[in-house]
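Order as written gives the chain letters A, B, C, D and E; numbering starts at 1 within each chain.
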Amino acid sequence: MAEIKLEHIKKQYQNASEPSVADYNLDIHDKEFIVFVGPSGSGKSTVLRMIAGLEEITDGTFTIDGEVMNEVAPKDREIAMVFQNYALYPHMTVFDNIGYSLKLKKTPKTEIEERVHQAAKILGIEPYLERKPADLSGGQRQRVAMGRAIVRDAKILLMDEPLSNLDAKLRVQMRAEITKIHKRMGATTIYVTHDQTEAMTLADRIVIIDHGDIQQIGTPNELYNEPTNTFVAGFIGSPAMNLLEVEYYDGMLVSDEGFSVTLPQGISKQLTDKGYEDKKIVFGIRPEDLHLDPIAMETYVGGKFTTQVEISELLGADVMLYTKIGNSEIVVRGKGSDYVAPGTAIQVAANLSKAHYFDAVTTNRII
Amino acid sequence: MAEIKLEHIKKQYQNASEPSVADYNLDIHDKEFIVFVGPSGSGKSTVLRMIAGLEEITDGTFTIDGEVMNEVAPKDREIAMVFQNYALYPHMTVFDNIGYSLKLKKTPKTEIEERVHQAAKILGIEPYLERKPADLSGGQRQRVAMGRAIVRDAKILLMDEPLSNLDAKLRVQMRAEITKIHKRMGATTIYVTHDQTEAMTLADRIVIIDHGDIQQIGTPNELYNEPTNTFVAGFIGSPAMNLLEVEYYDGMLVSDEGFSVTLPQGISKQLTDKGYEDKKIVFGIRPEDLHLDPIAMETYVGGKFTTQVEISELLGADVMLYTKIGNSEIVVRGKGSDYVAPGTAIQVAANLSKAHYFDAVTTNRII
Amino acid sequence: MQTQKLSVREALKVGDWRMKLSAIIMGTSQLLHGQILKGLWFLAVEISFFTWFFARGIKSLQSLITLGTHKQGFVFDKKLGINVLHQGDNSMLLLLFGVATILVVVIFFYQYWVNLKSARKLQELDLYHKSIPTLKEDLSALLDSKLHILLMSVPVAGVVAFTILPLIYMISIAFTNYDHNHLPPKNLFSWVGFENLGNVLGGDVASTFFPLLGWTIVWAIMATVTSFLFGVLLAMLINAKGIKGKKVYRTLFILTMAVPQFITLLIMNNLLNDSGMVNTMLMNWHVISHPLPFLTDGTWAKVTVIIVNMWIGIPATMLVTTGILQNLNQDQIEAAEIDGANKFQIFRDLTFPQILFVMAPSLIQQFIGNINNFNVIFLLTGGGPMNSDYYNAGDTDLLVTWLYKLTIDAADYNLASVIGILIFTLSAVFSLFAYKRVNKMNNLG
Amino acid sequence: MKNKNKRTRMIVYTILTLLAVVWVLPIIWIVLTSFRSEGGMFVDYFIPHHFTLDNYKMLFTNSTYPFGRWFMNTLIVAVVSATLSTFITVVMAYSLSRLKFRWRGRFLQGALVLNMFPGFMSMIAIYYILKAIGLTQSLVALILVYVAGAALGFYVQKGFFDTIPISLDESAMLDGATKWDIFRTITLPLSKPIIVYTTLMAFTGPWMDFIFARVIMGDNIQNYTVAIGLYTMMTRESANSLFMAFAAGSVLIAVPIIILFIALQRFFVEGMTSGAVKG
Amino acid sequence: GIFVSNNSASADDKAVKLWVDNKAYKPIVKQFTKDTGIKVDFKIGQSADAQADLKKDPSAAADVFMFPHDQLGQMVQAGLIYQNTKYEKSIKKDQTDSAVQGASYKGKMYGYPYGVETQVLYYNKEKLSADDIKSWASLTEKGKLTTNFAGDGANYKYVPLFMSNGDYLYGENGEKVKGTNFNNDKGMQVLKWIAQQKDNNGVIQSTDAASLNKMSNGKADAYLSGPWDKVTLKKEMGDKLGVAKYPTVNFGDGDKQMKTFLGVKLFGVNAQTDKALNAMKLANYLSSNKVQKQVFDKLGYVPSSKSVQASGDVQKDDVAAAVTEMAKPENSVIMPKLPQMVTFWGPSDALINDAYKGKLTSDTEMQSKLDKLVKQSTKSEK
C-alpha cells in the first residue's frame, strides 16, 4: 500500500526569489499512475525530490499511508527514483549500478544477478553491463538510471523524464515496458514527462503544473476535452490549441483583425446566459478541429473564416499550416493532401461544437 | 564558409569491442542544416564529438572547407556545441557561462552584456542570469547550454539533443528560434535529436544512423516516402510503419497468420519483374495509410483485411489502435471518432499504393 | 592530403642542406627559415656548451673516473715556523660535479635532438608548402598545445638539480670507499665496485638490518593507514550535515600542524615519560600503580610512536579529505540514499572510493615518506629504547634513523648509501607495483 | 525521527569535542608553558604556578637569539615559497592530469620513485650545488630548495583534478579557451579547497624545518629561520633553561599559520561541481 | 680541486673567522683585535656542532672554533684541524696534564684547551649530610638519587663505572683500538651492579629533564650531572643545593671511587685556513690564562689552566671546585677521542639500559653481550 498525500506543500529555495512550489495539494491513490506535466522550471522535479526526501519541505505536510513523512530519511521511505540527471555511480559498472540497491538489502548474489540481467534485458543494455557509465552514450546512461529504479520492488516509483534521451522507437517500447512493470508491481508511480504521448498513454491522472501551482488534475481525456483554463488548453495537445481573443456579441465571435464566426445557438445561449454579451472572451480551437475539405465546409458553415498561410509543414501523413489573421497565429492540421503553398489565403471551417470558450480575464473555462 | 566532409571516418573506443562509428561518409554543404537521427547508442554523439575535435578520429579524413582537420585543436575549429550532458561551468553564473566564449575573445563588456541578454531572452532564462547552474531546473540548464552555443557566431554549430528536456510548447518555440538563428547566422549546423517533428521541420537533410553506419541521407520527404530499407522505414514516422513479413504470389501478399491483400496491377507487375514471385518480402504500411472509414473501404478494396484490436489509445484528435493478426502487430491510426473497444475485430483498408515493399533478406527497398 | 610524417633520420637523409647543416651547427635551419629567436637560442646553446665543455667539462669527466689523484699534505715552512697546507683533490666534490657534468651533457643532447626535430618539422612544412610558424604562433602554442612545456620546464629543472643530481651522486657513493678511513678533504676515495654491497649484506650490520627493515615496514603501513583512515573519519564527522562550528573544529585540529614538530614531540616525550604527566595522573587516580613504559619498553614504544604519529598525521588528512568531500557529487549520494544506503554504506561505497581515487597515489607517496620518516622517530624517541641485540639501534629505529646515526657518527657514507639503495629499491618496487594496481582499479575512463 | 537525528548529532558532537581536547591539550600545554616562569623543560603539572611574559620578552631582547629577525626571515621565506610552491604543485598537477604529452605516464611513475632516497643523505650534495651557483647562506637558497621540492608533491592535486568532469574542459575548448585559459578559469576556481591544503602545507614547511635550513645557513645566524633558531637553542646546556622561551617561540610560529588557515577557510565551499553535467 | 682556497699562509688583513658558543666572548675578542690588530669575524655557533659543520664545508667554516675534545680523532682523520706546533710548549706548561692529553692525538698536539668539564654530584643539603654522600650505598639508603639508567645518555654517565673497577676503554690513554677489556670479571661485576640498581629503592629512574624537576620539588635528593645544570638547580633549590664529588661504589670487593668522563674544551684551527698564523694566535689567546679567568668569571666555564684552577675565585665556587676535583686523574677518565668511539656509544648505551631493565637474565647472556660490545667497538682499521 502506498497512498501519497501532499497538503499545502511549499518549497522555497534559498537562492530563489519566489517559492518554487507554492501550496501544493495532491492525493495519490495506491497503485495510481500519476504524470506530472508542466513547463520547464515549473516545479515538477522539486515536488518529486521532496517526496523522495532529498529536498527539505519548507512548509506543509506530506504523508504516505497516513504517516507524516516530512522528516523521514530518504532511505527509509522505500522509494525508487529515476533522476533527471541520472546520478549514476561513476566508479561502478553498469551491473553494480543497477544491483547496488539489491546488494544493500543483502539479496542473494544469484538473485541479484538474475534481476539485474532481467532489468538490463528490458532496457536493452545487456551488452554494456561490464562498462562504466562514462563509456556509454547518453541514452544508454539514461537507461541505466531507469534500471536502477525498476530493479527494486519499491512501494513508490518516481521517474523524472526517464525517456527524454531515447529515440522514438525505443521510447514506445519502454513505455510499454513501464506499463507492464506498473501492472505487475503495482507501485504507486509519479512520472514527469514533456512528451504528451507518454503523458496521455501512461497516466491514470495527469497533474498540470505551472509556476509551482497545480492548474488541473484529471484523466487524459478530461484534460484534453475540458481544460479548466487557457493555460491547460494551450499546454495539452500538440500542436497547441489556437487561442484567440475575441469579442462576443449577437451570437458571433469577432476580432478586430477580421476573424469572425457565428456560434451555434446552444453555445451562444449559454454565453449570453452567463453574461458575456459584448464582452471579451478567449476562443480556443484545436488545429485538428479546423478543416479544409469541402464536406467540412458545408457541415460547419458558421465556423468558416479566412486566413493567410505563412508556413506549410509537411509531416508525413499530416500537414501543418501556420496561418495568420492579422497578428494572431492560427495553426491548422490537415491531411497530407491539404498542402497549400505559403502565402495563399485559405478558407477554414471550425467545428465550433468542439471549440472552447474561456473568460478573458480569469482565463477560466466558460464552456 | 564551412563545408564539412567526412571520409571513411571510423571510431573505435578502447573499451568497446566494436567500432562505434564505422566507415562514415558524409558531405555537408555550407549553411546546410543536417539532422542526425538514430537509435540510442548508434554513434551520433560520437560523430559530433569527432567533428568538434573532442574525440580522436581512429581512421579516415575529416575536412572543413577542404582543409584536413583531424589534428587541429578544438579551439581552432571555430565550432560551437551544445553538449548532450550540458557541461556547464558550475562555478560561474548563467551569465558568465553564456558569456565565457565572448570574454575569451576579448569582446567589449557592453557587447557581451547585450549579446548574452539577447540569447537569454530568446531562451527564456533572463530571470536566472545571476544563478549558478546548480540552482536551476533541468530544462533551464539545458537552455543555458544552448545559450552558450548560440551566443557565438561560430561557423559550425553542433547541437546534441538540445531540446530533449524542454516541454512541448517551449520546444516548438525553440525550434522556431533555431530556424531563425540559422537563417540569420548561416552556420553549418548538425543537430542530433530523437524528436521526429524536430527532425522533419528543421532539417535540410536528415542522416539516419544505426550501429555507427549511415542508413540513409535525404530530405525529410525522401526519408518518409522512400525509405531505403526496413530500418529507415521503421524508424521514421511515429507511430512506426507496420512491417509484415509476407509471401508474394499471384499478385497477392499472404502471410501464414491470415493476412492477405491483393496488390494493384502496377505494383504486382514490378514485383514479378524483379523476380519476387513466390518469395518472401516485407510489406510496409504506415498507420495513417490504414483506414477505417466506409469511403476508404470502397476505395481501397484490394487492401482490405481483418485484424483484432488489442489496445485502443485515444490521443486527443487521433485514436491509435494496436491490433494483431496472429503474432504480428499492426498499428492503425484513426480519427478520434474511429474509437473501437479493445477485443473487437475490425476491417481495415490499406492504401496499397502508399505501401512499401522490401526484400526480406537484404531488407532493402524494392518499390 | 594527409601529410606523411618524416622521421628525423629520414629527414636528415632526404632533407635539404639547411637540415643537414643543422646537424652540425644547431639552429641553422631555424635561422634560415626566419625563426630568428629560436635559431639563436639553439646556436647559443651549442656555443656555450662547447665552450664550457672544453674549458671545464672534459676535465671534470676525467676526474670523475679517477676521483682525484692529488692528496692534501702539509709542508714545513721555515719562514712561518709552521707546517703549511697544500690543497689536494676533494673526491667528494669531484664526484658530485662529475655527475653534474654528465647531466649537463645529457641535457645538451636533448637540446640537440629538439633542434633536429624542429628542423625536421620545418623540412616537412617546406615539403608541403605550408607556412612557417611565426614567433608569435610558437609562443601562443606554449599557452595551448605545448602548455605542458611551459608549465613543467622550470619545475622539472628544479627536480633535476635538486633531486636527480643528488640522487645519482648518492647512488654513486655506494660504489666507492667513502668511509671513515677515506674522509675528504685529507684523503681521497676511489671506486670499488660492488664491494660494499657484500659488506652490508654480510657483516654484523645484517643482523640489525633485517629486524629494522621489518619494523620499518610495519611502521610505514601503520602510520600511513591509521593517519589516513582516521583522518578521513574525522573529516566525515566534522563535515557531517547539521554539525555546527565546522570552522572551529577544523581550526582546532589544524593547531597541531602549526606548532613545530620538534616542540610538540618533545612535549609528547615529556607527557609520556615514566614520570610524565600521563603516568603521574594515572597514578594519582590509582588507575595504575607502576608507570606505563610508553617510551622505555620496546613494544610499548612502537605502539606509542604510531599513536603519536596519528596525532600529527590526522589533521593533514582531515584537511585534504575535507577538500575532496566538498567536491563530491551530491547527486550520487542522493541516488544512494534513495537506493536505501545508510550513512555508513554511502561512506563505504561512494565517499571512500572517491577519496581513495584522489588519494591513492599520494598515499603511496606517504607510505614511502613514512619509510623515510625521520622526524617523528628521531624527535620522539631518538630510536630508543636502545636494544642491545642490535648494532647501534633501538627498538623504534627505522632504517633511516639508524642510517642517520651510522653516517653522522661513523662517517661510513658508502655503507649508508648501499643501505639507502636497498631502501630505495624496496620502496620503488613496492610503489610502482602499488601504483599500477591503483591505476587499474581507478580507471574511471 | 527528529529525535534520532538529534541523538546522532549529539554523539558526533561528543566525539568531536573529546578528540579536539586530545588534540588541543598538548598545544594548550605549550601555550601555558610559554607563560610559565618557574621550572624547566619538565614539570609534572599542567597549570603554571607563576605566570610571566618574560619568555616572550626574552625572545625579542636577547641579541644572541635575534628572534624578531628570524621571524621575519621565516615569514618572507614562507610567503614566497608557499606562493611559488603552490603554483608549481598545481601547475604540475594540472599538466599531469589534463595535458597529453609523451612522457606523461613515465613521469608519473618516476616522480613517485624519486623521493625515496633518504633526504638527509642528499643534503650535503644540495649544499654544494647551491654553493656552486653561489647561493648558500641566503634566504633565496632556502626558497629555492623548498620550491624545488614542490615539483614532486603533486599527487593529491592531480587526483583532485582528475575528479573534475572532463566535459568542462571540452566545453571550454570549444568556447575557444586555450589550455592555459582552462587552467585559469575552470580548473583553478574549482579546486579551491585543495589549493588551501597545498598552500597551508607549503606555508608551514619553513616554520618547521630545522635540519635542512641549518645545513644551508651554516653560521649565518642573521639569516636563520625560527625553526633553526629555536632548535639551536636546545643544546644540552640551554635546553632546560630556555625551554619556556622555545614554547613562546612555538606559539609565535603558530600565529601566522593559524591566521593563514582562518583566512583560507572561506575557500572551503561545498558542492563546487554540482550542476555541471548530466550523467 | 674546484674550490681552491688561497693557501698562502701569510698574514693578511682579512678577518679571522671565529666560532664560539657565547656572545660573552665578544669583548675579549675586541681586546685581542685592539692588541694585535688582527680583525676577527665573530660568530656564534655550537661547539658540539663544530665537527659536523667543519666536515660539511671546511672552506666556509671558521678559522678558529670551539669543540669538545672527543671530536678530535675524527677531525684529525679527515684532515680538518691544524696541528698546534707553534704554541705547544706553552700549553704543555700552563695546562693540566689531562687537558694536554685531551688536546693531543697520537702524539701530536692539535687543540688549544680552555676548559674542562666533568659530572658532579648535586644533592639536597637538607636531606643528606656530607657523610651520607660519601658512598653510593649510604647515599641511596638515606636519600633518593634520580638518574637515568634506562634511557638515552646512560653510557655517558655509567661507562666510567667500568674504569672505576679497573677496566680500560681503548687502553690506558684511550687511543688503543684493541684496548677495551670490559668483558672480564670486573666488567661482569659492574654490569651486575647496574642490574641490581633496579631494585634499589634509593634510585629513581628518570630522564634528565624530569630529574631536574624532581630535585626542585623535593621528590629526589641527589642527581649526577654536569655544571650546566647548576643555574637551574640553584634557581629552584637555592641554598639547599650542595655540590660534591662522586661517591664511592662497591661492586662486591670493597669501595672504589666512582669515576666520570672528563671532557676537555678546546679551540682548534681549521686546516684549510688561509691565515694560519693569525688564527693560531687567536686560538692561543683565547686559551690563555687571562682569558680563561675572564671566561670563568663571566660564564663559569671551569678552566683547564693549572694556575687558574688553583686560583681562589675558582676554588670558592662550589661547582668549579667539585669539577676540578673530579677532573683529577683518580676521579675521572679522559673521554677517548678515537674515531671508534662512535661504534662504542650506541651499543654501550643499549647494554646499560638492558642490564638495568633486567633484560639480561643470565650471567652467560651478560658475558656474551659484553663480548659483543668489545668486539664491535674494537674492530681495527682495514
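By our rule, a residue touches a chain if its C-beta (ideal position, glycine included) is under 8 Å from a C-beta of that chain, and two chains touch if they have at least 3 such contacts.
Only a predicted model underlies this, so the values are computations on that prediction, with no experimental measurement involved.
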{"item": "Path length in the contact graph (chain A to chain C, fewest steps)", "value": "1"}
{"item": "Taking each chain's C-alpha mean as its centre, the one farthest from chain B", "value": "E"}
{"item": "Greatest separation from chain C - chain, by CA centre", "value": "A"}
{"item": "Between the pairs C-D and C-E, the one where more C-beta pairs touch", "value": "C-D"}
{"item": "Separation of mean Cα positions, chain E and chain D [Å, integer]", "value": "39"}
{"item": "Separation of mean Cα positions, chain D and chain B [Å, integer]", "value": "57"}
{"item": "Overlap residues in chain E, where contacts from two or more other chains coincide", "value": "3, 207, 209-210"}
{"item": "For chain A, residues that touch 2 or more chains besides their own", "value": "73, 84-85, 88, 132, 134-135, 138"}
{"item": "Residues of chain D engaged with two or more neighbouring chains", "value": "5, 41-42, 44, 124, 128, 178, 181, 190, 271-274, 277-279"}
{"item": "Footprint of chain E on chain C - complex, ascending", "value": "68, 72, 74, 77, 80-90, 93-94, 97, 180-181, 183-187, 204, 270, 273-276, 295-296, 382, 384-388, 390-394, 405, 408-411"}
{"item": "Residues on chain D engaged by chain C in the complex (per definition of touch)", "value": "5, 9, 12-13, 15-16, 19-20, 22-24, 26-27, 29-30, 41-42, 44-46, 88, 91-92, 94-95, 99, 101, 108-109, 111-122, 124-126, 128-129, 132, 144-145, 147-153, 155-156, 158-160, 162-164, 178-181, 183, 190-191, 193-194, 196-197, 200-201, 204, 207-208, 210-211, 227, 230-231, 234, 246-247, 250-251, 253-254, 257-258, 261-262, 265, 268-274"}
{"item": "Parts of chain C lying in touch with chain B, wherever the complex brings them together", "value": "1-3, 144-145, 445"}
{"item": "Residue ranges of chain D touching chain B (in the complex, touch as defined)", "value": "165, 167-168, 170-178, 181, 185-186, 189-190, 271-279"}
{"item": "Residues on chain B engaged by chain D in the complex (per definition of touch)", "value": "52-54, 73-75, 77, 79-81, 83-91, 100-101, 104-105, 132-136, 138, 141, 148, 152"}
